[in-house]
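Sharing a structure below in structure tokens format, with a few things to ask.
Labels run A, B, C, D, E and F following the written order; every chain starts at residue 1.
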Amino acid sequence: MTELVTFGETMLRLSPPEGDRLATTRTLEARAGGAESNVAVAGARLGADTAWLSKLPDSPLGERIVHELRGHGVDTRVAWGDPETTRLGTYYLEPGGEPRGTDVIYDRADAAITTVATEELATETVADATYCYTSGITPALSEEAAETTRELLAHAQANDTTTVFDPNYRAKLWDTETARAAYEELFPDVDVLVVAQRDAAAVLGRDGAGSTAGTPAERVARGLIADFDFETVVVTRGDEGALAVHEGDVYDQPVYEAETLDPIGTGDAFVGGFLARRLDGGGVDEALSWGAATAALKRTVAGDLAVVSPDEVAAVVDEASGGIDR
Amino acid sequence: MTELVTFGETMLRLSPPEGDRLATTRTLEARAGGAESNVAVAGARLGADTAWLSKLPDSPLGERIVHELRGHGVDTRVAWGDPETTRLGTYYLEPGGEPRGTDVIYDRADAAITTVATEELATETVADATYCYTSGITPALSEEAAETTRELLAHAQANDTTTVFDPNYRAKLWDTETARAAYEELFPDVDVLVVAQRDAAAVLGRDGAGSTAGTPAERVARGLIADFDFETVVVTRGDEGALAVHEGDVYDQPVYEAETLDPIGTGDAFVGGFLARRLDGGGVDEALSWGAATAALKRTVAGDLAVVSPDEVAAVVDEASGGIDR
Amino acid sequence: MTELVTFGETMLRLSPPEGDRLATTRTLEARAGGAESNVAVAGARLGADTAWLSKLPDSPLGERIVHELRGHGVDTRVAWGDPETTRLGTYYLEPGGEPRGTDVIYDRADAAITTVATEELATETVADATYCYTSGITPALSEEAAETTRELLAHAQANDTTTVFDPNYRAKLWDTETARAAYEELFPDVDVLVVAQRDAAAVLGRDGAGSTAGTPAERVARGLIADFDFETVVVTRGDEGALAVHEGDVYDQPVYEAETLDPIGTGDAFVGGFLARRLDGGGVDEALSWGAATAALKRTVAGDLAVVSPDEVAAVVDEASGGIDR
Amino acid sequence: MTELVTFGETMLRLSPPEGDRLATTRTLEARAGGAESNVAVAGARLGADTAWLSKLPDSPLGERIVHELRGHGVDTRVAWGDPETTRLGTYYLEPGGEPRGTDVIYDRADAAITTVATEELATETVADATYCYTSGITPALSEEAAETTRELLAHAQANDTTTVFDPNYRAKLWDTETARAAYEELFPDVDVLVVAQRDAAAVLGRDGAGSTAGTPAERVARGLIADFDFETVVVTRGDEGALAVHEGDVYDQPVYEAETLDPIGTGDAFVGGFLARRLDGGGVDEALSWGAATAALKRTVAGDLAVVSPDEVAAVVDEASGGIDR
Amino acid sequence: MTELVTFGETMLRLSPPEGDRLATTRTLEARAGGAESNVAVAGARLGADTAWLSKLPDSPLGERIVHELRGHGVDTRVAWGDPETTRLGTYYLEPGGEPRGTDVIYDRADAAITTVATEELATETVADATYCYTSGITPALSEEAAETTRELLAHAQANDTTTVFDPNYRAKLWDTETARAAYEELFPDVDVLVVAQRDAAAVLGRDGAGSTAGTPAERVARGLIADFDFETVVVTRGDEGALAVHEGDVYDQPVYEAETLDPIGTGDAFVGGFLARRLDGGGVDEALSWGAATAALKRTVAGDLAVVSPDEVAAVVDEASGGIDR
Amino acid sequence: MTELVTFGETMLRLSPPEGDRLATTRTLEARAGGAESNVAVAGARLGADTAWLSKLPDSPLGERIVHELRGHGVDTRVAWGDPETTRLGTYYLEPGGEPRGTDVIYDRADAAITTVATEELATETVADATYCYTSGITPALSEEAAETTRELLAHAQANDTTTVFDPNYRAKLWDTETARAAYEELFPDVDVLVVAQRDAAAVLGRDGAGSTAGTPAERVARGLIADFDFETVVVTRGDEGALAVHEGDVYDQPVYEAETLDPIGTGDAFVGGFLARRLDGGGVDEALSWGAATAALKRTVAGDLAVVSPDEVAAVVDEASGGIDR
């Protein structure tokens, strides 16, 4: 039985070798990347029975995505689009280095998933699952994708599947006002909200100011719970770690230090680690530490995916990692 | 002053390493590819003063294309599209090997060039040039691209620039009927037609049957001249070489044998070699042999582009090539 | 439900880049390779619901194998061995080129699978499956592996699962006499025998001589059926194609020509293609052509695995493949 | 019309992959490198109409250099040397890492440029240009190169082209005394001097001691202006940034922090950024910040060349760079 | 004549590219690695006449090891094992990055060296040499290897060859009690002991506590000399440098800072540098600084081997290294 | 004791990846290449005790050459030139493919070996050796190299070392007349001449015409023996195999067919195989077949060097090679 099901777009990520630039490169590394499949891979690798729902073109390129995700143990449940009329979303990633930022060029318009309809999807996995996760990227892709997102979350709710949502605001996809409206339309069907503090401030207009109780992050979390009746809110704060409010209690989790080889997918690794631990019976505090450890490990691995093992995550949590094991 | 100007789309060509498949590959080689820029590069490398007109997104990806073409000496005259709303066309190329065919997956819908307008282009280079080349791929891309193709050819004609056209039929872009209508609308403004015998048969409905004079290819050429008043018609016949009818005379050119590493762009190399020799004062016969030699050399080089030199082409024509030169 | 289940060892195949030699190379390409997983991958890719049973060390290396096979859609059912006491079998492959042969260096002694016991395996998949395949390599690995092979085949027979066996003689593993005895001990539990003509002659002592009816291959097949009551015998003859005798009828299948990039796994691809077509309702003649086509396509792909699609196999069978599809 | 023209040698730079050593490596990355073409590429990429004058062997190796520079938009004006008697200068670069220094092995003796004569060069570009740049490396290469340098600078002066010179002392080419004499012979024809503080001290004997007004760098600059009547002197001080004295005013520019992937070409990037901004109408202060930003970005890119864009430089100057842009 | 002879196992080290993981990688870099050959290579590169004794399978894989070591000037004196019955030890190395440790997976059971006998080895080189080095890894491999180690050290002692031993404890090979017993059985035949402080504490039960004279490391060294009559004891302390006690005097050596690309083999580089300097007439203090400098340089180079030169080591010792030398 | 000593230049061979061109490539494969070291490596690998004499710059580049040759078991006896004033010869190799020839660009002027003097060389190895080999390339490099060649051959003769010489005419180094005079000056000190039939014709003016006895190759051989009193003459005829005349007898050897991956060094492999077999006691007929087999195997390996084993050569000679050995 599926424990975790995620729904969203996965793209082919194309990036030049270190030190090369997109404007001149002759080779590109190809990898699968997308918030919801990133969460699925982290979850599956950490032991959760995980399915991923999406739509892809019925071509070697769509198969390429499935091949990579399936290798990590994800049960890929894909609606196949007509390869003549739909395409695979791609994104070009050019890693930076101070003072040059990391550049992301999306080429995802008209991807197969923009035509997705609820009827095409394996909704029975949603009904059966313990957790159903999607991010705020999906409703930004098209009206059809937004509608399907709404229907899936409602379907999950109707079947007592706990829904998890991360707004994951992308300025290249929509403006903050449109995004906020879309998020808030979904919130009634969301149980667990994971939100970056900067998104809470910039998009949801919640910076935790105006009160003196607790940290700003705690005030943001409590405010969201007050307004939308979430079961749990996790606020991620980059280098400052994460904070959760769950059933009235506050949990604080610092980050684990990491030598960052590739930062893309860190937040998704956090969610995957968090949910895997919850599924394994862990409390919110344990789940936060698993999320933070998975995120730290992810940063040492190339690509969007958290190619990690439960033993490695446990070692970080137990502060037993590092050194040369021989 | 420009001798040769070409107009058309150039894509980023993405191909896996030898023996790998698109469905599983982790690396892709990136190269510029497009019929008209292929012709431009061959022409420029063989000594012609060459410009290429196109439209690209104003992004590192568009710059990537310009960077590669410019390196070969092509004067790139690009209209830059808004990177938020236009994209770079790409195509995935998976080289085959008997009995597996070479697979091409186009991902070119909504490329920047589909929005091209004549006013954006450096039409003064067309007016000044000796030859203006485009292929039948361009009008297949969008109504705007088709309209611009018509206007450019008419502009060339009005300025005594010799126009060259290769239908280059692509079944993945349109059906044969639509293509034929589009080609025939352009033919009144075309002086030199280069056409694959299989396109003449399958698209133009001319298989050279119904007469006994000359070879089928010759009959195709003479029929086209009779109907559309071309100055020159070159019929390419794959392994059987090319045949031209020019001012009533027939010229026959066998292929030069080649160890084929990459067949893509062979036909474009032929056109580039043919035109470069014509510009250099060569007769149709000489130009055919330069076209054939450039095409044969192209097959030994990876990528769409004919990365060759005049000395190499001359050596093939003079049958002086081969061996180890030390 | 599983249609095809295979059981056997999968190794890490390590091979130097083209033109390099094992004695000097600095890089090795790593791929999964093993007769039974090769069959499983071909079967799964061609649409069969396929499981693979094996034993691997519980380490990143064992996981590496599972990761690759799972990517192709194989349901991997692995018994995990203690990483302290079991290891992953590896083999070094140095591709040759006339007059230099292809060199295979096995480093598979004491691999985890040599300790496999029937109780560790997902025998329920065998009982449920339509076909159960293993090769003569497995019983050569250790007494435990031989015993488990016997028990699995008997278990399959007892549950009306059709058993398929290919002796796949390996001179580096055992001598012909020992091998023959082991094969013949298994034959009573085998329904479908696929055997290379050279193995029939060299190991089973059957060269088809001594009679004048039919070809030697046919006589070999009929003789084996007479002696061991196989349902079907397929004799593979390298470049001369395959021949099957099934319910008294003879089917002859020539090879499809192929540009060989990597010959390893050709025979396994044949079996995978054959069984996939049988499962899909094809007759023995159709299955033979699917086997031959899968084998030919395999030769164009690097690695042991037949990374092919049903459409590609169908195109070869229909002689509709080749050329550039654009 | 050309805004910036540079003159000097460009070599093929050959470097092993990270972690490999020249003494054992089996692959070398090949790139174009040379102070004056580095400046030209930075200038061209930042929008200046830029030409580069040099001499190369008329061979695929010489063409290789032109191909790379032209790709960045530089107008390459090359005198072609006889490939039988001239060669392409090369240099081997082995990147270090504390405590191992970066090793440079020059193999540039008898390069084509050592035979360069003024008559071979496109001197009309010098006469037309706004700025003409060369470095103190060029006169170190041969007597002919020194003579041509003198003549070009004089020609520039005679045509009101502003001349820019960077001594760029190379201990592997000549001793400090010879270098100083050569520099000082050129100084009367130099308008803008860019000089590393360590070269000013070690070669020109100017350490800014013996006075108390301003910083040592300022004293060096003022002293050079007093003695040689330069219009502008820029003193670069490594990690401590640059200082300019121009028309009596002092401008101070700190460095922008950078994660250094490849330090080679940093100084040339500075000059290219400085001149591009001056050409674009910027004051000395703005030009210094553009120089510093271009230099910092260069350090994040592999190779000698500053593969950067005006937007990127502006973002660094505006302190708006960094992060992940999605 | 041989100055330094070492004896021990060398494995094929297989490691994925940076950022890839063993569990998913498709390429492995292959290098020779083993404590004793690491010491031999460092010694040979720094000018010592060096031989290395070992046993390898008589196959391209065994030859692969010899090829690499010989390239560095080591005189390889190998007993060749039957390739049918012996194998090459391998180890998989996955470099980490905080918080992920470096993972080492040994696959060395039943390597050829486990069958080594003294009679197979070139013992005359031991008798002639100035120094004979082996590590505590060798006796851990098999009873035969342990016996041969004992015999070789005794043979060296009998011939006035100074013996050098580093326990180099490997938890994956044996437990601390067994190791300690084996080490102490060898100590009577050891002249120079190099021991990591952590091994002294964890395995030899000596943490330098219980006294107040000198540092703990000094007390460890003096205690070992008191108990086993070593001529010299060098205690290495990771980032805190090394300490030697020799003829009653104490020598302290800090580490040289290094940007670490690959830490494997650092300790062996230290021993190689130390012995090379001793052989060149250096005192213990000089030898320690050469050891530390060789170790620091090693960290900047990929692989187990210290690919360094005497000039580079001298420059580090003289603090004259760093920067760009041009 | 040395059995075979060779003397000559070894260069760094730089070649682009397959399908890339020197005019555009960004990576170069680096390998050691030179006729005399090619012979040395083939000889050493086939069991001969082999030394190689040369002169190289005392730099990492010179060391690079030694490293590679030493790995194959060659005893490198190098005179080290001042790195400030001598350089490493290089050559750029661009593999072709019909109709494009293989291009070689030498960059060997002023290489260290051009300054070589007999006194710098380990002449004692020449005096002790059974065979001393050099090619006609060496005297073409400089007057000093020519003088040293003469002295070495005379020294060999004086010490009863059999001298072997292959003119190996290089049109890029000198004209045929100068070459012939130089060869003929050396011939009195040559015992065994190996000469390509095309060099005999084009340079030595011997095409075997003017007589009817035997084949032209035999007449060439007999004529050379008559004129210069060679002990043995071997005439190589490309695809037509080799012919030897030795003590009046004629031996004819066809080529072994080969799939050619890299033809460079084929002739040197032939000489190495021939001499290794002679040293091993083989007659001229056996030696010819070993030469031919070594040459055929060489063609399947990338680089100049014959990376082969005695077993492989024997298998080709015994026509027992090919297939997959498993």
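The definition used in the following text is that a residue touches a chain if its C-beta (ideal position, glycine included) is under 8 Å from a C-beta of that chain, and two chains touch if they have at least 3 such contacts.
Bear in mind the structure is a predicted one, so any value in this text is a computation, not a measurement.
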| item | value |
| --- | --- |
| Common touching chains of chain F and chain C | B, E |
| Equivalent interface positions on chain B and chain D, same or different at half | same |
| Relative to chain A, chain with the most remote C-alpha centre | F |
| Duplicate of the C-F contact set - from B-C, C-E or E-F, the pair where over half of the pairs recur | B-C |
| Centroid-based (C-alpha) most distant chain relative to chain E | B |
| Approximate Å spacing (C-alpha centroids) for the pair chain A, chain D | 46 |
| CA centroid of chain A to CA centroid of chain B, Å | 45 |
| For chain C, residues that touch 2 or more chains besides their own | 21, 23-24, 26, 60, 63, 67, 71, 103, 309 |
| Inter-chain touch pairs (all) | A-B, A-C, A-D, A-E, B-C, B-D, B-F, C-E, C-F, D-E, D-F, E-F |
| Of chain A, residues touching chain B in the complex | 14, 21-31, 59-61, 63-64, 67, 83, 87-88, 90, 92, 94, 103, 105, 107, 109-110 |
| In the complex, chain C residues that touch chain F | 18-21, 23-24, 96-104, 106, 170-172, 263-264 |
| Complex interface listing, chain A residues touching chain C | 60, 63, 67-68, 70-73, 309 |
| In the complex with chain F, residue positions of chain B that touch it | 71, 256-259, 261-262, 293, 296-297, 300-303, 307, 309, 312, 315-316, 321-326 |
